[in-house]
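We just call them A, B, C and D in the order they show up, numbering each chain from 1.
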Amino acid sequence: MIEIRNLHKHFGDLHVLKGIDLEVKKGEVLSVIGSSGSGKSTLLYCINSLEKIQQGTVKIDGIDVHAKSTDVNKLRQKLGMVFQQWNSFPHLTAMENVALAPRIVKGKSKAEALHIAETQLKHVGLGDKLKSYPSALSGGQQQRLAIARALAMEPEYMLFDEATSALDPEKVGEVLDTMRLLAEEGMTMICVTHEMGFARDVSDRVAYFHHGVMEEIGPPEQIFDNPVSAHTQKFLANVR
Amino acid sequence: MFEYNFHWRPVLKSLPDLLQAGLLTLEVAVISMLIGITIGLCLALMRMKLNGPLKWFAVSWIEVARNTPVLFQLFFFGFGLGAAGINLPPYVIIVTGLSFNCAGYLAENFRGGFQAVPDTQMNAARCLGMNGWQTYTRIIIPQVFRIVYHPITNQMVWAVLMSSLGMMIGFRELSGETQFFASRTFRIFEYFAVTAVIYYVIVKLILGLSRLLSARLFRY
Amino acid sequence: MQETITFFSGFGISDFWFLADAALKTLWISVLSISVGTVLGVIFGWMLHEGKWLAALTIGSILDIFRSVPLIIQLVLFYNFAPMIGLNLDPFGSGVVILTIYTAALVSNVARGGIEAVPTPMRKASRTLGMSYWQDLFYIVLPIGGRAVFPAWIGVVLGVMKDSALVSVLGYVELLKASQILITRTQEPFLILALAGAFYFALSYPISRYAAKFEQRWAQ
Amino acid sequence: MKKTITCLLSAALLATTPVKADTLDNVVDRGELRCGVVLDFPPIGYRDASNNPAGFDVDYCKDLAKALEVEAKIIPVTWSERLPIIATGRADVVFGATSDSLARARTVGFSIPYAIYFAQGVVNTDVEINSFEDMRGKRVAAALGTVPEQEWLKIAKEWGEEDLYQSYQSENEVFLAVSQGKADIGITTNTAVKPITGQFKTLKEGPRMPWTADYTSIVGKRMDVTWLNYLNLFVTHQVRSGRYDELWGKYVGDNVPELRIPGVMY
């Protein structure tokens, strides 16, 4: 379970997150929506400690992420993350991209790591691209590669940071399908997204962020059909 | 025609010695480059990541190496250090001097290379649970090496050309050996002409080898 | 000894001016070679770009020789070759000739890179505006390509300025040779090498700083 | 390619320059005598406190210019440049303590001897070398392209100690190297030993080398016999006028060596 209590984040004078309280249970899919600059992505960065926080706590399965005593590298193995920019490692083949972390971080044997890599790549539909370098893959394929790479670490939670927003429109579908597949398999997911259709169909809950504040959270029907906050209403009106 | 009569026979007689010295030139250049790459990498990281005396140390190394002549640097490691009671043999002087110089230039190449690798690669690796060392050795540095591969090749050629200054400090690599023979036979032009050809061939070999190697190394 | 003659004497204030004067000589031989060499190099670069394989085969391969043979060998060769064909050049003259060709060889590559850095559509656009070939070259290619390769050119300038130290091999009393003379007389290698290094640094560092500033301004 | 350029250039030069007269005429016509002198060989050639050339050889060059009624132009050369500068015609004459070896005589022409030297070592004060035999196993230095270098390398080869030899660009670098401890003994000439050991506290006088005395000559172009004749005459005049004694006394000291080889008539 991910528990966030009174989370504050500043970038210099900029107050990006203003006291967020949030719980995500095992097996839940949470979509985070909101206009850019609302602090959605920063939330994800704070969850896996890529950004330090100024106030509050983030706990994953009871472990305080930002405590000094916490081994962040170990903790991060529980958290898969997929970025807006797919960030595949250009000097490694698809297989090597996926197999690297299990091998050097988890200490698996080379054969075992490659087996995992192959399984995960087939899982995301890249079974025919095992030996390809990222430069030979399309954006959508690279993003699925990034998902496979995260899954290979057998994470318990997946964080998606606008995973589809840098893709060509016709490639968005293949990545969303993969994410949908994961959700159906019961993966716990936090998805920062602009894809309202995805958020509505796949999520268990949807959170709306506005200027560093979580304005509203609830089941998708409630947020999309009966938003309480005026900001949410305005945002959804613009998106539609 | 000219009043000068060419005599090529002594040169041909000492050609085996010259080729042997050519190997020494290559050896010195390769060793200096290996040391230079290692130190250059460290200097680049020190300059980018650290503050305080270590950063200051890296910056001064880089700037002095880049802003003074190699020959000056060799003299310094020779008679300059000798005045302080540190006497290095010519082989060590030339390797030290070239490594010092190459490290300075390569450090800046590496710095450019690191800046060219997107920060997001770092985040991606850290998210997979890799620690800082693993991220650098497995993800960042391999990519930096591709970016600086061409500059490194150029620096290797420079190292070979610069090693010719060995003759100024009494080291008998290709140029030193040539000068030694020329000083006995007084056939300076003939000897140095042949040596120029040998250098040309060495440089072309390095460039060719580098091209072959890059085709094998960088398939992406 | 009937008279008192001193063969050696300590380092005096006049020796500082001796070094400063030699630094000016270094500056002078560099400025001369670099300016003429740059003009020649740009012309060669343009010929290499326009002449395609024919130019590459002729001037390209000749200039390549000057980049693949150590400068010190070039200097010794030319200095000994020139008198054979009746050119009685002093060390300064020989130094200028070789440094100029050497600069031209390096600049020709830079210049060709600069011309090729200008995207073809941009050049086509200027031609459709009715500019002539030469107008396009001067108003479009020169400023845009020049900017792209300015750092590389500065690299050549600094390189040649430091390499001018090698003219000391011919006996031209520039900065490095002057420091050798003083070391011989005063036997204070550490002090004098440090001074000479400081002079080189003072010549080179401001230029590299200034160029870096320019680059930053253009990058914005 | 280079060859064609060479041919073209030289053809052009042949067309423009008149047939060459000999060096003597050239020097008189030019009004300038170009002397190659080695300037790191005190007291024979060195630079004074204002960094101007001075020494026995420099004065000899000026005397020759005076005799020819022309200006003297001093060209500083290193040991290894002494002969090429003549072979390529960049200097008219070299005063550089040049031993008149038969090997060298294949390349350049020699006058009769104008000075005689003995090879002698300068030793670092921390090192114990009292006789020539003590040099076994010691690190030896000499200047590149000198007779001491070549003679020593013959002996070093016999002793199997070539690895212990290190050459330097100039005599002064040799002294510096020995004083800094880069070498145990440097081989130079007897004339240099006294001023050198006076200058460096870390240097002391070493043993004489076993090879014969160095008969050194003025160097000119090999084919130019009239010029070499003139140089011979100059040497005898310097001795007859007492100028030789005067300059040797001024720079080196007493014991002016007699410029004659017993049993040989010049």
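Throughout what follows, contacts are C-beta pairs under 8 Å (C-beta built on N, C-alpha and C of every residue); 3 or more make two chains touch, one makes a residue touch a chain.
Predicted model, so just to flag it, every value in this text is computed and none were measured.
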item: Touching both chain A and chain B (chains); value: none
item: Centroid-based (C-alpha) most distant chain relative to chain D; value: A
item: Identity of the most central chain, Cα criterion; value: B
item: Interface ranked first by C-beta contact pairs; value: B-C
item: Chain centre separation (chain A, chain D; CA means) in Å; value: 82
item: Cα-centroid distance, chain A relative to chain C, in whole angstrom; value: 55
item: Cα-centroid distance, chain C relative to chain D, in whole angstrom; value: 34
item: Euclidean distance of C-alpha centroids - chain B vs chain C, Å; value: 20
item: For chain C, residues that touch 2 or more chains besides their own; value: 80, 83-86, 183, 189
item: Junction residues of chain D, two or more chains touched; value: 10, 84, 88-89, 176
item: Chain A, residues touching no fewer than two other chains; value: none
item: Chains grouped in pairs wherever the two touch, ordered by label; value: A-B, B-C, B-D, C-D
item: Chain D residues within the chain B interface of the complex; value: 10, 14, 20, 79-80, 83-84, 87-89, 103-104, 107-108, 144-145, 150, 166-169, 173, 176-177, 180-182, 223
item: Chain C residues within the chain B interface of the complex; value: 65, 68-74, 76-77, 80-81, 83-86, 158, 162-163, 165-166, 168-169, 176, 179-180, 183, 188-190, 193-194, 196-197, 200-201, 204-205, 208
item: Residues on chain B engaged by chain A in the complex (per definition of touch); value: 118, 120-121, 123-131, 134, 138-139, 142-143, 146, 218-220
item: Chain D-facing residues of chain B, complex; value: 1-4, 79, 82-83, 85, 87, 90, 168, 170, 179-180, 182-184, 186, 188-189
item: Chain C to chain D touching residues, read off their complex; value: 1-3, 5-9, 12, 14-15, 18, 62, 80, 83-86, 88, 171, 181-185, 187, 189
